[in-house]
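Next up: some structures, all given as structure tokens.
Two complexes are shown next, each including chain A; its partner changes from chain B in the first to chain C in the second.
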Partner chain A sequence: MKYFGLVWAGLWRKKTRTVFTMVSIVIAFLLFGLLQGINQGFSTALARLDVDRLYVSARTGMTDGMPISYLSRIRNVPGVRAVSMWAYFGGYYQEARNPIPAFATDAVELMKVYKEIKIRPEYIEAMAKTRTGALVSEALAATHGWKVGDRVPIGTSIWTNKAGSNTWDFDIVGTFDASAYGAGFPSFYLNYSYFDEARQFGTGELHYYIVSLQDPKQAQRISREIDDMFANSSVETRTQTESALAQSQLKQFADINFIANAIVGAVLFTLLFLTANTMMQSVRERTSELAVLKTLGYSDTKVLILVMTESLLLCLFAAALGIALAALVFKSPALQKLFGDFSMPLFVAGIGAGIAVLVAFISGFPPAWRARQLNIVEALAGR
Partner chain B sequence: MTALVTLRNVTKSYVRGKQKVEVLHGIDLAIETGEFLALMGPSGSGKTTLLNLVAGLDQPTGGEVLVAGDRIDRLSRGSLSDWRARNIGFIFQFYNLLPVLTAEANVEVPLLLTNLSKAERRRRVQIALELVGLSERARHKPNELSGGQQQRVAIARAIVSDPTLLVCDEPTGDLDRQNAEEIMNLLQALNRSQNKTIVMVTHDPKAAEYASRELHLDKGLLTNDTRRAA
Partner chain C sequence: MKLFRQIGAVTAMNFRSLPQRVSTSLVVVIGIAGVVAVLVSVLAMSTGLIRTMENTGREDRAIVMRNGSVAETSSALDRNSARLIVDGAGIKRDANGEPIVTAETFRILMLQKKADDAEISAILRGVGPKMLQVRPELTIVEGRMFQPAVAEVIVGKSAHAQFKGLNVGDVVRSRGANWTVVGVFETGGDAHESALMTDAETLNSIDQRGAFQSVTALLESPSAFQAFKDSLSANPALAVDVVRERDYYRQQSKTMTTIISVIAYVVGGIMAVGAVFAALNTMYSAVSARLQEIATLRALGFGSTAMVMSVLAEALVLALIGGVIGALLAWAFFNGNTVSTLGGGGGLGQLVFELSVSPQLMVFGIVWACIIGLIGGLFPALRAARLPVAMALRAV
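Right after this comes the complex of A and B.
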């Protein structure tokens, strides 16, 4: 600790160079923190997903319809506790640029499948009684200023109703809080029975059966049984756990894990050269100063440690700043809106610190070794 | 008086390219405790090489070097570092202060190697700076000080750990006459009042006049040894 002043002062010998190097490291670790944070956030979110829920979709694709007749057959599979369904409505409010994630469902069954949804029982009853009823999330209602009793026109680019219109009117009969399922959870529900009767085409079809299990350990057996039941039928099924489904949906965008690791790897590799160059220049410029330290009795090893500490301090300080910035960015409302309740897991900061130490050692060792090997007489003579 | 430094048949040679250069040829020398020795001679005579051997910065090719009772020609690099920290104070021609540190931080650098507490280190730094008359410039960095002041800081750094021997390589070589005289007066005062043993390499006959003994080297051999009455 008593050498801190000496090391710190050495670090700031060329302020501009140190600042630029630090900014580079801060940006690199900010990027690391953001990408790894997002990556880990997705993984953590996926791991948190229920394993006692299965999603049944058409084997040919998630947007292809399945017959409603499958419902009773799936319900009869041993080990199935409840089954609900989703049919894409693909809605928007007023303009297409205000999308509403709307799904047609059986609300009573839906609440049995998603037990964490907070909703007043009278809203579920009202939904069952009101054909044109809609349940909306509290967040969505707040966004558009909707309240229970309002009639809202919801447009859809997919479905035309029997009146020939693409705008459907719904009566808001209740609100719910599904924050336990994250920001991606559908926030607008309409009655499947009404939707099915009122649409011009696609009657009797839906896109997902959501199956709640009595025992999560039976997930594999039940998945197989459901898919076997509809094998060789007109619409074969694919049954997945919630996390498998989420992962396959994510992979539709890209392999986030691969992209995150590739970018961070490339950035850190470049950083290694940058830091090594800074340290090498710094030591080269200080040849006579290091020789003076040795003259005063600083051993070869002590000089090596001082230079290594300087490199460590540079990398750790800047990395800590970068990761702290990333953690702050995760707190920003814009990102929260985009990714939901994401935060950077603590172990990402730990990995960042580990990488910073590694970068410091790899980039600091060659100049530190050079300083260690310095011959006092030759260095003082300027040779 | 007892000999603080004893050199017996010391030789030193370097290899430059394919050539072997003999710098010192069988030097025998004794420097007593409390002496102020000026080492003079033309460029290339081996003055700085001899100084480096006495200060434990370099090892002889042959012969024995005894300083403060230690055969330093037998010490390893690591042991020599420790030995220098305990026994030697250095004063260079170009001061060689660390530019990023203040005067007091520069003076503290040798004390960081000791087990002294922070408070004790500060106290000793303060005393050393007062001895060289620079306590009011303690917070200044080297580039805010004149050449003479920088050399005073270097002297404070050299004496702060109370070394057995002070070695000076052309301490006035970069200074004007007035500053040179001030520095030489300071070194003489340290020699006389603190009984510091000083070995000084210089080209300057006026600087050498402050020493109690003058030794001349030529082509790696001692040619003249003169003692002055105090």
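Right after this comes the complex of A and C.
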């Protein structure tokens, strides 16, 4: 510790160079923090998803409907706590460019399945009583300026109602807050009973049963039981846990893991050269100073350690700064909205520190070795 | 003229001393190569996607969907509408005087990627009997065409290459049918190559559906589009949107290309800032290594512009080398690589496309590199120019 002052002074011997090198390292680790943070964020978000919720869809693809008659059979499977459903409505408001993620459901059961939805009990009651009722998320209501009691026309290009129109009127009977489930959670719900009665075709079909379990440990057994129950029937089912479903949907987009790793790899490789060069320059410039240190009695190893420490300090300090910056970015409102309550995973910060140490060692070692091998007489003679 | 000679002389001197500063200079080259490589390869994704989408669709084809549909997925056209659309003005007719249209329907098939077994959704498109006339670009490269009324499919070249179980003779399961793969088709590298095709009536009867999702019509000429659109809009029995096929597909890929471009510019931008600082570092040390030299030249009467220019030229050349290396790396590693993402047909099916590192993209990357080099060289250059001669000489 008593050498800290010496190392510190060595580091700031050339201010501009140290600052520039540092900024580059900070930026590299900012990028590392952002990309790996998002990457980790996705996986932890997936892991955090409830394991006590199962999604049943048609085996051949989620766009194929399943009969409503499955509902009571799934409910009777031992270990099932509640079952709700989603039938895709695919609406838009005023024009097709304003899509509304609307689903027909059984609201009472839905709230049992998604326990973290915040909603006033009287709204659930009102929904059960109003056939043409709709529950909308607070965010969606705010976007379109809807209030409880409003009647809103929702267009759909798929479903025609019995009146022959593809604009359906719904009465907003309540709002809810489902922010616990992230931005992708459907934000507009209509009554399945009404929807099924009023549509011209597709009667009795829906797209997902959402099954809430009494005991998450039973997830596998119950999934199998449900799928076995409908094997060889007109519509075979596939039951997945919430996280398995989300994972497969995410994978359809892109292999985020690969992209993040590839970019970070390129950045860190570049960084290695940068710091190595800075350290090399700095040692070369200080040849005579290091020789003086040795003359004063510093051992070869001590000089080597001094230089290595300097490199370590530079990298660690800058890396910490970069990752802190990335953590700050994650706290920005825009990203909070996307990921829900999200902060820099400690795991990523840890890996970042590890990489910083690695970069420091690889880039600091050659100059440190050079410093160690320095011959006092030759160095002082300027040879 | 004298100025140019001075610049030339100083720059030449700089370059001759470059070998002594190899490691410092390498930092700029490698740093900038990294930035350009990442930028160009990420952008290659969106260029590839755009290229595939632009290949899909012709100016003289129009796609008709139920009004309010953003994509075919959310469209439904009953038989009656489909019949009325056929009577639209401006549709090209074949030798028998029949309009060349195809009423299409599709469903999603769950398949697996060859690369990582990831489950993906692919599109099975049911097409009308005149499909080959509507899409003359479609050719069978292996096996044969499907037969109507039996569960047979042909698969696109990209789907065949990327997804499991799509060889001729394989069977693909969907609800109500086991589809036999009978052929592989090619459509000139467009979005349809990521899909499977079968007969629309067969698909509709298996899925117990009475409706189609879209009708695609071959028009007499690109300019017949307006007449076609007007004739359908004027029909009170129809409630449809008519879009040029090319515009439709371009629209479909818009969200994805925007996302990719944003990623490219954000990541590329952040990396570029880092590279600017690396360049600053290098050029400052290049200048300080030559303080004595610069001061001497100034004392001999070389102008400050010549100094600025020579430093900038050096930064620019280093950046250029880095940019070229980066662009070439991106090209060597990624050009022609196939990737797939969600995006085909209403954002529901997988779309397979090739990364395309086009010459324009490489030039763009190199320009980006030069900008980094210029910014990184500017401040050190000014420092060299502003150096008080006497002090610099004394300092040595």
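Assume the second predicted complex is superposed on the first by the 352 of 383 C-alpha atoms of A that agree within 3 Å, B and C clash if a C-alpha of one lies under 4 Å from a C-alpha of the other, contacts with A are read in each partner's own complex, and residues count from 1 in each chain.
Definition applied: a contact is a pair of C-beta atoms (placed from the backbone, for glycine too) under 8 Å apart; a residue touches a chain by one contact, two chains touch by 3 or more.
Just so we're clear, the structure is a prediction, and the values are computed from it rather than from any experiment.
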{"item": "Which superposed partner A:277 touches (first chain B, second chain C, both, neither)", "value": "second"}
{"item": "Touching partner for A:296 - first (chain B), second (chain C), both, neither", "value": "first"}
{"item": "Touched partner set for A:20, first chain B, second chain C, both or neither", "value": "second"}
{"item": "Which of chain B and chain C A:10 touches, first, second, both or neither", "value": "first"}
{"item": "Contacts of A:157 with chain B and chain C, given as first, second, both or neither", "value": "second"}
{"item": "Between chain B and chain C, more extensive residue contact with chain A", "value": "C"}
{"item": "Chain A-facing residues of chain B, complex", "value": "52, 55, 57-58, 77-78, 81-86, 88, 90, 92, 96, 98-101, 105, 109-110, 112-113, 118, 157"}
{"item": "Partner chain C, residues of chain A touching it in the complex", "value": "16-17, 20-21, 23-24, 27-28, 30-31, 34-35, 58-64, 90, 92, 95-97, 99, 155-158, 160, 166, 201, 235-236, 248, 251-255, 263, 266-267, 269-270, 273-274, 277-278, 280-281"}
{"item": "Chain C to chain A touching residues, read off their complex", "value": "23-24, 26-27, 30-31, 33-35, 37-38, 42, 65-70, 73-76, 107-110, 116, 118-121, 173-175, 210-211, 239, 267, 270-271, 273-275, 277-278, 280-282, 284-285, 339, 341-342, 348, 350"}
{"item": "Contact set on chain A toward chain B in their complex", "value": "2-3, 5-6, 9-10, 12-13, 288-289, 292-302, 376-377, 380"}
